[in-house]
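Here is the structure we will look at, set down as structure tokens.
Chain naming follows the written order as A, B, C, D, E and F, and within any one chain the residues start at number 1.
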């Protein structure tokens, strides 16, 4: 097992393309995206998954600890501009032949 | 970066309103909700996402460490009564202008 | 509060039955499954949630620390064969009457 | 007994697709109707049946017959949960008994709709106001069930009694999405009448049978997935889930005969009495009687009573009617 | 004033189901149309209305009338955001003003479709090329809104100005899914003509009214959920959200009268002028003017202007037309 | 060559909406049909085509012609993967070759359905039992592909051979959701016959063309998104994905000519031979031959062969038939 960083981002779905770009630019090429996330933040009250397309996405990306700095630098301006939240934590990767963080 | 607590709750969807209320009462105003979560717990076997509306929700809320005690006090009676699971872990928040836990 | 392990697996949806079997065999009987997860890994480029059924599932299972070894042994061959990622982290369980990891 | 009615029922597309769904689960095919498609279909069916009922209610007017029928419906919705509760108490605790009793006191809209499609096929008329009876019979059992819990629960149970708020319970019972959409569509059908009917007809009438067929495919999948739960349920509950519908249908028929309902209405009324709720009541019970075991009350209603009514119940009840009405 | 038009509008299934949806939220029923079903319905409506418009456009041909109408549409789409911007600036900052102004400069396809269904009911004809006007009026307000922000934003605002790329903005404006599907279906309807119409007719025509009805049920839910946001909005914006549609409709009618549109077209044109966008424009504004508060521009358009137009606006505008056209 | 057939094919709503979907991706519009709507449409199409086939099968009966046709279908489903495997082996490894070969040995139901809609437009009849051929041709290629892997895989490959269970493979091949629903609907159509057809007609027939059109819009989106994968694929596979369908269609036509199929059946048969699976086979291959690269076998079938058949293949094959059958 191997220590990697888990990045969790919750943001409006229209930011998704920009977020994935930022991750990619920081060298984090793997990610998982859950759509249709309802939520409530500081900014605009409850997001009901209605016709107004104000639904959120939940993005998970696991990366090597040394990529983290670059990710934060790239993501923060997005959060500053459009809102959304980003959290980082420590997880252990179960290594497999096709494992992700090792490459 | 700043230490905050991540609260994850998996429970039947009919408890959702009560759970969000409890969080709110404890001063945790932000949250994200993923619906249509299938699962299997101790209580009632597999939840197939069928017409019987026994599907689960997955609620994520990030909060300040000092709010945690109040959240636990408010959520536990719900879990005792209706079932569901609640877990807490440490995460680092990437601060942004519109960041959440800092307010 | 009580320390338990959180296992997160992201894999192609066709592996789901095999993954849940492995968990079950390792004594981890509770789990939650989020379907329709889009993503990008090392292996086959972006998974668009299209007709080709290449969508992912996100499986979460909380277990006792001593079950972990067995889970890893059972899951790793699956990841080796079919791809997918598995991560483990520490979380605190909020104990309730119907709590999960304690049993 | 004449089995031709059963055969002609079974050879209908909806019932055959119900079988197909069950078969898919048994042979482990990966066939599934992904959520929320079944939800869409069930909203559609409630919308269409409610609207049609309203349009026909305005034609028939609110006559004495209508009022008698609705009174009979209310009566059955209140009596069934009480008498079944005492039967169930022989074997089960108060919570499970009350929850199951409430389930059988309420109704299954899909069973009703399947029966009405069966009547249409056979060219037997039925009145639009039976939809009002359907709507009326959904909720009372929830209230009766809770009263039973409050009366019979042990000390420990009394604690949880304090926990639920009656206003919430009443809202769950009378304003849950099925009742609300059904009654709402009924009222709108009543208000717009023949004119509204014409513009909506290709949607509410033309597609109706097809959507029902598709929906029963999903119900077959759902019911079959629940079958394994029946092991835990035990032989007592399985017998209960077949015999009680028959008993209720017979009571229903007797009442229908007394108040001189026409044939079609009598069938729908007995089907309402015989059917059990697997959506509204279980949802309400989980919130208000969390001590009861959902796999008991959901699985009996869904994996035994529902298929029983769809496949053999409906034609049997009609057979009974044919015997006595002529 | 003759209220019979309003009554006959309200007694239509779509409007009644809109009320039903609002009622569901007010009485706290758990009725909901789960995503992505509403998305499916809105795609269907755009597909059907666009296709029908294209088929009829090929019949009428591209005449001088068509060109005049489309020019009038473009004009209104550019002028409305400018003049409303200055009204809004009295009370709000540049960002909020520009975002709201853009919202009201654009249109609501569902309002248009409801108006066209209302016309069909009354047996009043309208031309297929009005759908082209609908498509044309969706986007310009977004561009005008952004230009207003660039011109009037303070220093601090100028910073964010550098951030967005015009090519992206233009793509959002002219190729967003509603405009794209509407225009695409229009072109395909134009290309396949009468023949394409016949094969698609049971789908695009037969189900149209039913889907619209179902969709307005959902719009009622969505609009009512937004009503609580109106507290934050204040009386100024609420009055704005009722008065400006009337003003815009009147301007629209005057233009329609000058260029001698037939009655049906005049109603649709005034409805386009009166309606406000709650999908395309808000999405674009969040990306390009993140400083503006979405609950202001979404809630006014969705919880005030949309219901106002659907319920009383459409029949009032038609009443006006009836006065002057005869 | 006479291009009028191609033009008349392209000017159909389904093909035009397929283009519209591809265009949406190319111009980066955000148009999308959110899941699970496309799933609903594909279930609907299988249901409708299967049911219709069953109803017509009972009319024609199971004659010698039927049996000959089904035997020819089985033959092609087994032979195509074998011969294409050896062609592919020139450039690719055993795993990729077998997976791609299986893909082309199987069929695409949507291509079949589009071809049958094209025939209906032109007023050319075809027999209901062609749906049975469709169902029969879906699975064998999976089995043949696996046998090829087992025979030709290197030592390292032999290891994974031990891993999969034949019973699971057979279930995936013969009971996967498409085959299961198609065959199930066929049987139910067969059982309920003309009577079942009449009650379901507005649903299965009336909406059919519209749903197909909508579905092809989504297929256009999906196919275009895959186009960028073709870079990795290389010129060899792209040529393969265009030439092999033509070769297979010609073989199919020759067989059809020998067993004297009528024109419509011959077209459908050649389309079955020419089409490649992008759902059932890829799913099975990922499970049983995980060594093969999915972007190779999915993208060629979806981004090259499918559009090729839909746009020019179908009319070309019909052109060939017109030449030889008259």
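Going forward, a residue touches a chain if its C-beta (ideal position, glycine included) is under 8 Å from a C-beta of that chain, and two chains touch if they have at least 3 such contacts.
No experiment lies behind these values; they were computed from the predicted model shown.
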The chains touching both subunit B and subunit F are C, D
For the copies subunit E and subunit F, the interface residues, called same if over half of the numbers are used by both and different if under half, are different
Rounded to the nearest Å, the gap separating the Cα centres of subunit A and subunit C is 19
Per the C-alpha means, the centres of subunit C and subunit D lie apart by a whole-Å value of 38
Distance in whole angstrom between the CA centres of subunit C and subunit F is 35
Expected list for subunit D, residues touching two or more other chains, is 35-36, 39, 202, 206-207
Among subunit B residues, those touching two or more other chains are 34, 36, 83, 89
The chain pairs that touch are A-B, A-C, A-E, B-C, B-D, C-F, D-E, D-F, E-F
Residue positions on subunit F within touch of subunit E in the complex are 11-13, 16-17, 20, 23-24, 27-35, 37, 121, 202, 206-207, 209-211, 213-214
Subunit A residues touching subunit B in their complex are 8, 10, 34, 36-43, 56, 58, 72, 75-76, 79-80, 83-89
The subunit F residues in contact with subunit C across the complex are 35-36, 38-39, 42, 160, 163, 218-219, 221-222, 225, 229, 278-279, 282-283, 286-287, 290, 293-295, 298, 302
Listed in rising order, the residues of subunit D that touch subunit E in the complex are 35-36, 39-40, 43-44, 47, 51, 171, 175-177, 180-181, 184-185, 188, 191-192, 196, 199-200, 202-204, 206-207
In the complex, the residues of subunit C that touch subunit F are 12, 14, 36, 44-45, 48-55, 81-83
